[in-house]
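To keep things simple, chains are lettered A, B and C as they appear, and every chain counts its residues starting from 1.
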């Protein structure tokens, strides 16, 4: 995974270099709200294999928490939605080249990304979480002794966070989700730190485990993103998110798409209505 | 019999979707392979003359293609051309261009190597019979070169088919991506689906590449 | 006197700064068999390659029935069709059968009818004892058989002159005879030939004229009887003695 990430970084660097060398690049890459409406189609980048946020069902239809919102955007704009299958690695690039109008792909807001794309109001919370066996539920990182180890997946936010903020904790690193899961089930470590959505889903699906720490570190949010400078579209999305708060749209979305994975207990902590202003 | 989660294949349109994904992968790689073979032969002949401009161009081109991972080339062709020139290539077109550039360079090098490996005196022998330069290539050099590079070019084409899995990075949904989608969509209902789906893909790839290698074997036997 | 077929005048051939042939002149008349001898590396093969314009030349000119043969000229393929060349290592085309090897140039280059050439080829193959090998591939033949096919291939072009470049040098001794016999019979038919060889008894039997090439040029030129019994120059005597010496050795062994 490391090398793939490096290769993609190289690719992006080269794309940037190419665009610097050739000055003939178009100034405006994006389509304004009016242009989208006039064309009758909006291109929305979503995940196609990240159940339950964005995936494709057995009939070839896009589904999931993000897609539910995308579909509503299409309806309220009065245009057809063209779903574009994106990857974590190319979401920014898609917006920077205007190949999609909006990205709705579990896109976490970070300062680095905000320099390249414009985020609209958030519609979901994410944080880190820690899951541990019921026999010894870890409710705070201070409960860990010097002998305890914590499982992380290499390259994740959880790894970075623990190295930075709790360097005294011994980490057990794995490359894949499956290996990390096996390690916890074999009792190789005291706990497993990952995105809270991941550990919540794990605890729900595997008996004998509890998420002792559902929210660790700073709370991040997930938001729609548009190309840098596309104000007309950005404003429309923000207005839309505020308006949808009136009908508790994202709670409905959660109950349709996420409740099977995360259960009702976490609905209020995960869902954001009206960009969080309604709270 | 272990649970391979094969039942997900029969749910909805999943199997047809997989076949559709296979068709996308084959379409890209076979169109690119066709272009590569034609361009590679011309390029290879041009480059087989020592110290020619074309041999230098081929060497630089090959160098670039070898250093750059295909993923980078796909990014450059799909996103880079939009940034730099404002082109709006479809993902599939960008993929075909990249695969053709890659294939033509490798094929060109194979042809150059094969043509150069034909002894000079074979060419002289044909020239001494009064054949024109084009006829010498058409009847003497190329038929002998093709026999030498057939296994290598079949290898190149199958590598191309396999490498198409990268095109998902520029938004093209091909067989491996469809597989991923099916597995993920059924992560809870059929946790073992990955085995069945990948087994199916394996069989599909095999059946798709089999005619190629069979044809190659038949030709080789015919030529022996 | 018969008409001149090949005329070489003041030919000079250099590789980089090494001169191989210098100011060499030679004429071959119709029906004449000229054998070129000389020590290894004296430029005999190069001379033949120049005649076929497989080598560029740095001075002089080569004419076939008065027409210029020039390296890189437009009508070169046409001129080469009039010059039959047989190489030391046969140079049959390995991907073609014996018959296809023979038919290729007459059909593709001379645009003659396939049927007509095929018939001729089979007749000629029959004459060299290889009719039943028409469908075989070169790798299935012995060296001597390959060389006989190569001769038939050259003959089928109806060349004005045949060039033989040490055609038995790569053969096992027991196969030399079968090839040389073919050439002798061609001489009997009155074919015009220029032959480079190391087989002295063959040279003596087949040649109308012997040429000794030494030091970048023709050193001695005479009929075979004179050449072998009364050579004019010291070098010619020495050259012939090198074979005598070999023969004595053989007799002792």
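The definition used in the following text is that contacts are C-beta pairs under 8 Å (C-beta built on N, C-alpha and C of every residue); 3 or more make two chains touch, one makes a residue touch a chain.
Since we're looking at a predicted model, the values are computed, not measured.
Grab the C-alpha centre of each chain and report whichever is closest to the global C-alpha centre.
Per-chain C-alpha centroids ranked by distance to the global centroid put B first.
Among the chains, which is located farthest from chain B on the basis of C-alpha centroids?
The chain farthest from chain B, judged by C-alpha centres, is C.
Based only on mean CA positions, could you tell me how far chain B sits from chain C in angstrom?
That gives a centre separation of 48 Å.
With chain centres defined as C-alpha means, what is the inter-centre distance between chain A and chain C in Å?
82
Just give me the whole-number Å value for how far the CA centre of chain A lies from that of chain B.
Their C-alpha centroids are separated by 35 Å.
Which chain B residues sit where two or more other chains touch them?
none
Within their complex, state which residues of chain A touch chain B.
These residues of chain A touch chain B: 4, 7-8, 10-12, 14-16, 18-19, 21-22, 24-26, 29, 48-51, 55-60, 63, 84-87, 89-90, 93-94, 96-99, 205, 260-261.
Could you pull out which chain C residues touch chain B in their complex?
So the residues of chain C in touch with chain B come to 52, 54, 77-83, 85, 87, 89, 91, 93-95, 104-105, 108-110, 153-154, 157.
State the interface residues of chain B toward chain C in the complex, per the touch definition above.
Result: residues 121-122, 124-132, 135, 139-140, 143-144, 147, 223 of chain B touch chain C.
Over in the complex, which chain B residues touch chain A? Could you list them?
8, 11-14, 17, 69, 71-72, 74-76, 79-80, 82-86, 88, 168-171, 173, 177-178, 180-185, 187-188
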